Each structure stands twice: as C-alpha cells, then as structure tokens.
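Worksheet for the structure shown next.
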Amino acid sequence: MNQLAESPTVAAPTAAEPRADGPSIAAKALLWAAERGIVVFTVVLILASVLFVDGFASAVNVADVFHRAAPIGIVAVGMTFVVISGNYLDLSVVAQVATGAVILIGVSNSHSIPIAILVALAVSVVYGLVNGVAVGYFKANAVIVTLSTTYIGLGLLRWLSGGSIFFGPRDGTIESFGDIKLGAVPISAIVLVVVALVLGFLLSRTNFGFVVRAFGSNKEATRLSGVNTPVVVLGAFLITSFAATIAGFVLAAYSNTAVSSMSDGYDFGALAAIIIGGTSVFGGKGSVLRTVLGVVFVSVLTNVLVLSGVGFGWQQVAIGSLIVLAVSVDALARKVSKK
Amino acid sequence: MSDDQSSTVGPVVIEADSIVKRFGGAVALDGVSVSVRAGEIYALVGENGAGKSTLMRILAGILAPTEGTVLVDGRPLEGGTRAALDAGIALVHQELSLVPEMTVAENIMLGAFPTRGGAISRKEMQRYAGAALEEIGVAIDLDEPVSRLSVSLRQFIEIARAVARKPRVLILDEPTATLTPAETDYLLEMLQRLARGGLAIVYISHRLPEIFAICERVTVLRDGRHIDTADIADTTPDVLVDKMVGRELKQDLGVVRESNPGDVVLSARGITAPKVRGIDLDVRAGEIVGLGGLVGAGRSELVRAMLGVDPRTGGDVTVVVDGQVRRVGSYTSAVRHGIAFVPEERRQDGLALSMSVSDNIALPNRRSISRAGVTSPARQQAFASTLADTVGLRPPNVKRDSGDYSGGNQQKVVIAKWLGLRPRVIVLDEPTRGVDVGAKAEIHRLVRELADEGTAVLVISSDLPELLDLSDVIHVVRDGQIAGTLARDEADERSVMSLAAGESMVTSS
Amino acid sequence: GSDSASSASGDGTKVYALLPQGTDQPYGTEYLKAMNAEAEKEGLDLTITNSQYDADKQASDCQVAVAAKPDLIILWPAVADTVRPCLERAKAAGIPVTVTNSDVKEEDKSLTAGYSGPDTYGQGAASAEIMCELADGKDINILQVEGLTGNTTAINRKAGFEETIDENCPNVKIIASQPGDWNKDDSQTVTSEMLTAAGAKNIQGIYAADDTMVAGAIDALKSQGLDVKKMLITSIGNTKLGNPLVVNGELDGTVFQSSAWDGQNAVTLAAKVLDGEEVDEDLFMPSVKVTEANASDAEVTPNW
Amino acid sequence: MSTPHGINFGEAPARTRVDQLRRTLGRRTEGRAVALLAVVLVVALVMEPLVFSAYPVTLSRVALVGLVALGLTVVILMGELDLSVASTVVLAGVMMAQTDNVALGVLLALGTGVAVGLVNAFFVVKVGINSFIATLGMLFVLKGLAIVISRSEPIPLENITFAIQFGLPIVGPLTPRIVIFVLAFVLLHLFLTRMRAGREFYAVGGNRQAARDAGIPVDRRLVTGFVMCSVIAAGAGAIDTLERTAADPTAGSTVLLSSFAAAIIGGVALTGGRGSILGTLIGAFSLGTLEVGLTLTGVQVDIQQIYIGGVLLLAVMTDPASLRAARSSLRTSLHGVRARSTDRGLT
C-alpha cells in the first residue's frame, strides 16, 4: 500500500500554493479535511467503531469487513479506469461478475479449473472489446452501450448455462482457495490488494494510466497531442472487464457457488464507492487508492450498521446520506476557500 | 481614423471605486478605480492576467467585489447580473458566451425573450433581433443555429446582443481577437458611431493601434493594480507598453530574420475537405510559411485536413523523415513523424486545463520520459521545468493546473509541450490570439528559434503585422483555394488583403 | 370458476405464464424445465414472461397477455397485493387464471381458477416446528437470515416462522434478523456479523429462509470455529445444496420444496382447468419436513 | 476597408425551400429514435401485428416508463442528471399508501416529489455538488426510506374499488395513465418549446455561464427542473400504486435505466442543451413497442433480452455521427500501426 500512498494524485494537495492572505484557519482546516476527505472519514469511522461497537475489532469481524469489501472493491478498482476516462460507468460489470463466477465453477466442474479461467478471461476480453469499441471507436454513449451489453450478456449467460445455480465440489480446489486466510485477512482481500496495487501502479505510474487521466480531463487536447484515443477507451474498458471477472472468481470462491443474479447492484454499488473515494465523475481526477478507501468506508459502515442491528432500509439511508455528505464537505470547503 | 471629429463627452455614467477582488488567497484586483463618461470610448490595457476581465465582470454584476463599490449614476449597484442589465450595462465577453444549439435570434435575445401571454413571441423575437443586427450592420439568417457560424460571426452576434439591450454602458472584452482586419475596422467604426450616440464604451484589447485609433482615455492595469490613466493624446504606444509590462521591452518586432530554407519537409498535394478545394502546399526546413486570409477562408480547415485532425476527402500529404518520404495518413501518424500542431482553440483543444502544466507538457512526450511505459514523476518534473524555462512560463511552477495560467502563458505551455519532441514540422493556428504584447514577443521569438534550428514552420494568423513579420513566404487563402503567394519582399498589408478579399473589395486602406 | 373451458387442450392451445423469475434464479430454472416439459406433454403452446419481481412490469405483461387472448393464464404473483387488476382484466376478457408458487390474497381467490404450489407460510411454520422440537423447551437464542427484502415468499416464510415460534415455543428467541438476499455469500457475511454482534457464545441456533442461505450460514459458523453439529439449524428447501448438509448432520432440518413439482403442477392444473375438470381450490405441494432420518428417501430427492 | 452597408461574410444565407427544409431537419435531434421506431414498427407489422391491434396495451407499456423518461429529459436538457427517479417512484407510492383517502394520498405522493426535487436541487444549486452524485446518494436514501416506512412489505390501498377503476379505460380505449402521459407530453413539449422559462432550460444546459451572464435566473430554473422531474416521477409512482392497488417498496427496479435509455435513444445529449421531449417520446415508443412485440412472439425471455440489448447497441452505434467517428478512429488506429511498423523497419 505504501506505493499507492505516494501516488501524486492523492498526496499532492492542489491548493497548497503559498498565499499572501490565505483563507481563515477554519476554512483551511475544512479544506485540508476535504482534500483528504475520504481518508479522514474512514479513519474517524474506524476509530469510532473500534471504540463504540462491540466486537468490531475482532479478527472474525475484520474478516467480514474484508469479505464485504473484496469483490465489489475489485470491480470498483477496475471501473475507476472507465470513470476517470470520462465515460461515467460500466453497467455491464453486473453481467461480467456473474459470468466470471458461473464460468469458473460451471466449466471447472465439466473440464478443469485452468480451462475455466481461460474461458472466463476470454469472455472478459470480449466484453471489454465490445464496450470499448462501441464507446471508444463509435463514440457511442457509455451508459447505453454498457446497458445493452448487460442485457446481452445476462441473456446469453442464462440461455447458454441454463441459468442454474452452480456449486463446486465440497472441499474442492475452488472452495479451499476461498478459505485461505492470512491471519484475519481472507484470500479475497489479498486479491483485492494485489489487483489494487497492480491497477494503481498502472493508473498512476504508467503511460497508459497517464493518457487515461489526460483523456478524462480533455478528450480533444489528448487526441491533438497525438494519442490514439480510441485505444485508450478500449483499454479502460478491458481493464474494467478484467477486474470484474477476477471479482467473479473471488465471489465464486468465497461461497463455492455461482448464480447469475449474485452480483445484482454491483454497478451502482461500485460507482458509489468510487465517488465516495473522491474520483471525479467528470473524469480526469481520481485514483485507485481513493476507490479502495471508498470501498473500505462503505464496507465498514455497512458492517457497523449490521452489528448494531440496523435494518436494511436504514443501511441504505445511511450509505446514501454519506455519499452526499462526503461530497458536500468537499464542495463547501472549496466554496469557503474561494471566498 | 483617430482624427475623426472629437466627440462630445458627457457626465460619468459608471464608476468603479477602489475595487478589490480576491479569489481564495490570490488577489486579482487591488484597489482599482475607474470611471467612464457617456459618449467616450475608454480603453483598458494590461498584460494577460492583469485583471481586466475581472474588473469588467464586476462592472457587469457577474462577480461581486471583495471590497469597493460599483456606482452607476452615482448610486451603488447591487443585485448581480440582473441589476446590472437593468441599469443598462452590457458586456461582450472575452470568451464567447453563446448557446451553440440556439438560433441567432434566440442568442441575441437570450435572457430577454419577448413573451405574449406567457408564450414566447417568435415574431417579436425576430423583430428585435433583426433590428439589433441591422444596427450593427451584419446580415445573418436569424434561424441559423449558432453552432454553425464562424467565430467572428459569433463575436458579432454577441455584440448584437449587447446592442439589442439598448445599453448605456457597453463593455467589450477583446472583441477583435477573433476578427480579421476588415472586420476589425468595421467594428471600430461602429463603436465610434455608437459612442457619438452617447453610449459609454469600455474597450479592452491587446492591439494598441486599435486603442489609439478610437479611444479617448486609457487605463493601464498591472498585476491587479491601477498603474496609470491618461488621455490618448498625451501618450504613445511605447509608453503604454512599458507601463503594462513594468520593464523595458526589447522590441523584436521588425527584426528581419536571416532565413535559409533547406529541402521540402512537409508537402501537401490536392487537399480537399469541406471548405477546402484542392490546395498544394510545401514547407521547407527552416522556413516559416504564413497562411493569410479572411476568417472563413478555410485556413484552419486546410491545416486540420492536411494533418488528419479532421478527415479529408482527397489529396496526399507527405513528410520527409531522415531522407525517407512518409505518407501522413492520420493525425497519429503525423505526430509520429514529428509534426506538431498548435490548435486555434487552445483552451478547448490545446490543453487539459484541470491537469498540471507538467502533465500537459508530458502528454506528447510520454514515450521519451518513461522507461518501458513506466513514468517517473521526478523525470517528468525535470523535463517539464526545462521546457517551461525555454518558453519563459511565468510563474514557472509546473505543478500548477494549466487552467490557472493566463492565456498567453497557456499558449506557451502548448508550444512547450511540442518542443520536447524536437518537431520536424510545427503548425500553429492563430498562435497569439488574445495574447498580450510581452507574451506575444516571446512566442514570436520561440517560433523564430524553431525555424532557425531547422524546423519547418507553418503559421496561420489573422494578425497581419504578425503574419508579415514572421513569414518568409505567405500563401493567401480565399474560399478554400490559394489565391496567391507572396514572398517576404512583396508582401505588405495591402497586397495580402487584396488577395484575401479578392480585388473587388479593396477600395481603401 | 372457469368460464371458458371450451377449448380442449391440444395443439394450438395458447397459455401465458406470467412469472416473476426464470433462469435468473436457481429455483426458476428448474421450475421452467419442469413446466416446459409438462406443457409439451399436455400439448400446450406456452408463452412465458419474467418480470424480475417488478410488479409494474408483471402488470404490463398481464395486459399484453390478455390482449393476446390466450386460453388460460398461469400467474405467479410478483407481489401478491398487486395482482387484483390483472385478475379482473382477465376475468373481463373471459380468460381463466390459475395461480402458481405463491398464492393471491384470500379476497382475490374467487377470481382465480385454482392454486398449485407450496404453502410458503406453512413452510416457515414447518421449519419453526422443527426448531421448536430441537429446542425441546430449553431457553435458546437464534438468528434469522431472511430472503430478499420485500419479496413475497420471503415475507410469508418469515411470518410463518416467527408466528409459529411465538405460539409454539416462546422459549426460542430470535435475537437478530438480517436479509441474505437468497444468496450464499451474502448470508455468510450477515450471519457472521450477527454472530459477532450477539456474541457467538449466546447463540444456539439459526434459521435461514432457504437452503442456499443456510449453507452460507453454516460456513460462517465454521469459520468462527463453532461446532455446527451442536447448533440447532433449520431452513427450507432440501435442495441439492441443502440435502447433503442434512445427511451429514450439519443442517438439522429443512422443509422440502420441489421446484419440479411446482413447475409441473402449474401446467397440470392449467390443463385440468382447460379440460373443464373440477379442481380443488388449492393444490398444495406436500411440505415434507426433512431431517437426518428421512433425508435419503426417494420421496424427497432434491431437484435443484 | 469595410463596405458602407455592413460587412460581407461570404455568400448570402440560404433561402430556398429545400435548403430551409434540409436545415430544419439537420437541426432535429430525433433521427436515431425515428429510425429505430421505423425498424421496430416494420418488424412488428410483419411478425406480430397484434402489437397494433392491441395498441392500448402497447401504449400503457410505453407510458409506464415513458412518463418518468419525460421528466428525466427536462433535467438532462439542463445538463444535469437525476439518478433518483426510480426511488422517487417507489417512495411516492409508499407515501401515498399511508392514508386511506385517495385524494390525500395523491397529494402526499406529489408532495413527496416536490420535496425530493427540492432536496436534489438544494445540493446541486446551494451546496454546489454534481447532480450525478447528489442523486446517486438520493437513490439509496429514498429507497431506504421506502423500505423503512413500509417495513419492507407491500401496502395495499384501502379503496381497492377506486384503484381498480383507475386502471380501466376512460377515453375510448385509453386508461387514465395513457391520458396523463399524453397530457404530460403535450404540456412539457409546449413548455420547453414555447414558454420562456422552458426555452431557457436549453440555455442553462447549452452554456450555463452564458445563461447566467445574460441574466437568466439559472438557479431558479434548475430548481424548477429538478422539481418537475421529481414530481413527474412521483406522479408515475402514484399511478403505479393506484393501478396495482398496492404500494410495493421494492418496485421500480427497471425504471431508471429504461427511462434513461428512452431519453438517450431519443437524441437527448447527456451534456445538456440538446434534445427534445418529442425525441424521448419516440425513444420510449420504440423501446416499449419492441418489448411488447417480443413478449407476444413468445420467444424465451433470455433471448428477448439479447434482442433488446442488441437493438439498443445497434441503435447507438449506427447513428450517422457514430459511424463517422468509427471510420476516422479506425483510420487513425490502422495508420498508427502502419506508421509504427515503417518506423521500425527503417531505423
């Protein structure tokens, strides 16, 4: 995580210019907090939970938080590329996660796990290609394109697989893999960290990541700098597809089952995490680390609410309010600092 | 034109009193006072970022001053845009302020749609808008969507909008930046006519001749401070420039460059595209080729089609790379072959404004400052700083968002980002539009240096002195074709304009 | 009452089946297989819709179905409270409606030609009865994992379970309850969290509204190092996932629900109505309690 | 240098009829929707004419999603977004079922819509956050509230007879829903094309700074737009609840994306300022007809989904602008490859 923490997109405060007459101390504090909004929010939430919620800090519960965070976190980390490239979101992750999970278990039951993984990755390439070509080359609207591929993908998945629930053999490789733990940290969280490290590096420290961010900031200026921009969009969608498929593997391994409806709500769930993390929905600004923090924040919050016996309805209210609150603090801080 | 009969100047209409404006910690205006009288044309000059536009936006009620007051007829003006409009203050913005999807008539009447019984009255709208266009003497179809109009026409529509409000104070923020000389002359005459009718006009421009042609008084701003207000009759352009930059400006203008062109590097044959009707063009190493012509002549379209920025319908473009002739099939291949392009709309197409200067500079150079696709922030920083120094970026802070810089400095960043590639060819479309004198001189210096180093340079400019000054040879484009080619010694304002407009239009000079 | 039993079942007999799930759910998948097979046997021309539990979409499907003038409509209500207009519309068009899987409300039953399917309330009750037996009068605390929030089956099973516990064995206390969305992984996580919140030591049992979720709950118990066999665990389904758990003694009891039975009898009932046969008002799927004792009986062989 | 009568900007503006017509058509944004509708109608005519003979059914399917889409269009035209429409539909329904009195219930539902619209607008206008985010938060909040208030169970209406009456035709074969939908369309169309405030929505979406500078009360227009959108969604929620005789706290799962699809297929640009209510109507019609047609053909549901997705994808990819973009992007990519390979060969 160290490497991510150093990534300039998060660490560099954009408004840290020395000034003649700066804003008031309070405004500065607010701005400081807003710049690091999600870090502050997450730390405060975790501290408060440790202090006030019984059982929160237990090893078992930490594992549960990781379980909540991992699959959707992997999806969100991948989708960060699409969001930063200025293409709103990829709705088809719902279909992709389910497809990855069903193929992993379904195909490994009839063939073998390596073949299953290859098939699933091949399918994820197809998803990325279709979305990426339609959005990148045809300049079609990303929301509608990925809505279409969701329909097509889920339709095909259910039609071809017959739609059943798939479960792997008891104590088979997949289940054993899903049960691996490093102390309190389940394998799914380790996969999340690895994916986040790789994709975080890709986004913040490679030419590809750089042009994705540039493209999200200004498409035409990026194109006129000689960047082959359709390929950039294609790449962003391919990465999202790849991550979604890995998330499908993780989800399948965790429960040793796969159903086509298991990833319902991952589209807006992942987007919410990305936004809470502070990545701009207009593209250009944001980072993988921010997304990870956003996911951790939502997962801890949900976990705490469940631990406190709060019902599903209030959980939703709390998550929604926090999305708005987190972004409002940021906006208000900016306003104050401008005055 | 300046020796028109002196106009009758009336009482002070609008007054800014000790205006201070801060954006966050940055001080944009620091206790500036100005007053404008009815019937006068009042000039405001200053370098990019001096605070001219900010002051005008405060006068027009768009921004609220941090301190100080705006007085209209001696009464404080409060209540934002609406109140300012009601008080008869009309602003023609520096950045175009039109709704592209709306028609000419709707844009002219924007914010003041005439209604009858709650519904918009089309007839009234056409009548008012038509009258406003007639007043400024421009004939355009009222139902045309503005998105299909040229930049200069849009500028006139903005002026028509201001005029349609029957204002008492008309503020124009760099209205001529996008206009050709003919259009500029026309506009200046029009402004004098309006002033004679008792209108108070505030006029901002980086082109000092215009100011000396029509204005009565001039105020110089520097770094948000009021430096001087003088009667035009009592000052000279040199004095003004010194006050604007606060230092002696070594004048590059007029220095004739020793040019010794090499072989043809960029060659275009039979280029056709929408608005471009079969153009051949060669640019040699170390040569600066200028493209002159009126707005709408198709110069931008020509170079964009040549480089593959926009699709072309016909023609071939080649570039010589290390002695080998290469086809330019698409814009990416153009860049790969070492062609750099500085587009006309720098804020829209040239820069990612929300990214740092360093990132913008790195964008076309990412291959050379990364290893195996992996970027190094330190190397990028160093690379960008060097180039920022080369172009004289002020302040030279490459970590700042490029959107925080003034127009001239933004243009320097656009040029800087290409310098890293050591381009074989550089194409610049209106490189100094809206750029102040200081920055303009520096950009000219850069362009000359590039040519001296052997780069083939192609420049589009509607600023005739600039075009004449820079170019070794000028092709004049009219109606999508090359109307004529002028060598340095045969080119002057008159010869370029006669080719640009076609013989018939040249009546006076 | 069926008022258009004129056309005998045979080729060209058109039937619309308005379902809220299909291949998107494991239950629906097997249900559809059985339904299609039976329709083939009966020679019915079946058109199936899937409203994905969106009541508005199902109402619209119903309008389309009525407009297509089929000989009969099979309805699996997405939300029982919302199907009255559909039933009225079909009645006005003279199309008989049979109900499958989850029944319409009592006051709407007169508009239907019959019901076949599980007694979802009864299933919850049956699972509660197993739990009561297991508790055997001792004071114990249990957790509940509910189905998808707002889902009719989830609501009925929850009501059946809770009300039966209240009545038969108030010594069993439900001290926490969260939805597991019919998913194994969701159930596993919420169970684990409920255990943490209540303190694992204070929990003696778990009820999950279906076998998939109970499998997740059992995994959660195991990963907290609890002795699953000592816990009192019940659910509903006896599916291919749940049945082995009963056999090996981890799941103490479940209630057999056969998707194949359900899908098949939806068509059988429809065919009977079309043939003008007298049908009983309700054809309930036998709610067989499955415990270790009978888990391997042929009668309760799981089919999904 | 200038001519005495004004300035010459090239050829005189086009005035012939044909030019006028071409220009008018060129300005329309509904092309894609019309093309899609034409295809759907022709295919339906050949495959399943029942779509037409049972047009009230088709209409009510169109109205189901279409009404919400109309409201959404207003917000999108202003360059904003409302992701909370589906949750508004649900919450309004639940609020409506809180009382036995139908009239009061409808008022409660619409009041909910006003409140939601005001909250959305508050965050966008006053706090200054992007509507995409504000309404994404509201999506969760309102859904959660609906579940909390209803205790996650459907709430049947007291006055079932009236509710059932409400689902029956009143004008010819048209049910109140269809009539309200048509009315909403006509009113919104007139508002956006003829009324000053409505026309100014386009300016707010097309160039917000310009609108502000021209003295248009942008904030007030935004509030109006968000409230209109939410009230229409709430109205749709009330209609749903009446027609179903019960409020369902889990309803509306498909509304958000379908109404979006209708608007975007209808040519409404997410960037604002471009599009029309008519386009959304046609978009909703083509998608609704497609769905009804597919249902009637009895094709397996999974395959229906594949068709719908395929048609949507084709519709956005075969837009003339898309095809142009694809042609030049492909050229770019291919030449890029060629340029690179020659580079390598010679250095």
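Labels A, B, C and D are assigned to the chains in the order they are written; within every chain, residues are numbered from 1.
Assume contacts are C-beta pairs under 8 Å (C-beta built on N, C-alpha and C of every residue); 3 or more make two chains touch, one makes a residue touch a chain.
Each chain and its UniProt protein: A = Autoinducer 2 import system permease protein LsrD; B = Sugar ABC transporter ATP-binding protein.
These numbers come from a predicted model, not from an experiment.
Suppose chain centres are the mean of their C-alpha atoms. Which chain sits farthest from chain C?
Of all the other chains, the one whose centre lies farthest from chain C is B.
Averaging only over C-alpha atoms, locate the centres of chain A and chain B and give their separation in whole Å.
43
Calculate how many whole Å lie between the centre of chain A and the centre of chain C, each centre taken as the average of the chain's C-alpha atoms.
Chain centroid spacing, chain A to chain C, equals 34 Å.
For chain B versus chain D, what separation do you get between their C-alpha means, in angstrom?
Chain centroid spacing, chain B to chain D, equals 39 Å.
With chain centres taken as the means of their Cα atoms, state the distance from chain B to chain C in Å.
71
Residues touching two or more other chains, restricted to chain A: which are they?
154, 158-159, 163, 228, 311-313, in rising order.
Can you pull out the residues of chain C that are in contact with at least two other chains?
22-23, 149, in rising order.
Quick one: which residues in chain B touch 2 or more of the other chains?
Correct list: 331-332, 336.
Applying that definition of touch, give me each pair of chains that meets it.
According to the stated criterion, the contacting chain pairs are A-B, A-C, A-D, B-D, C-D.
Residue numbers of chain A touching chain C in their complex, please.
Going by the criterion above, the answer is residues 54-56, 58, 60-61, 63-64, 67-68, 71, 154, 158-159, 162-165, 167, 170, 179, 251, 254-257, 259-262, 264, 303, 306-309, 311-313.
Of all residues in chain D, which touch chain A in the complex?
Interface residues on the chain D side: 83, 123, 127-130, 132-134, 136-148, 152, 257, 260-261, 264-265, 270, 300, 302-306, 308-310, 312-313, 316-317, 319, 321-323, 325-326, 329-330, 332-333, 336.
Under the definition above, what is the set of chain B residues touching chain D in their complex?
60, 62, 81-82, 85, 91, 93, 95, 97-102, 106, 110-113, 115, 118-120, 137-141, 143-145, 150, 152-153, 156, 161, 181-183, 185-186, 189, 296, 308, 311, 322, 324, 326, 329-333, 336-337, 479, 497, 505-509
Can you tell me which positions in chain C touch chain A when the two form their complex?
Spelled out, the residues of chain C in touch with chain A are 22-26, 28-30, 149, 176, 178-179, 181, 183-185, 188-190, 192-197, 199, 212, 215-216, 219, 223-224, 240-241, 244, 304.
What part of chain A is in contact with chain B in the complex they form?
Residues of chain A touching chain B: 8, 12, 14-15, 17, 19-23, 205-211, 213-214, 217-218, 220-228, 284-285, 337-339.
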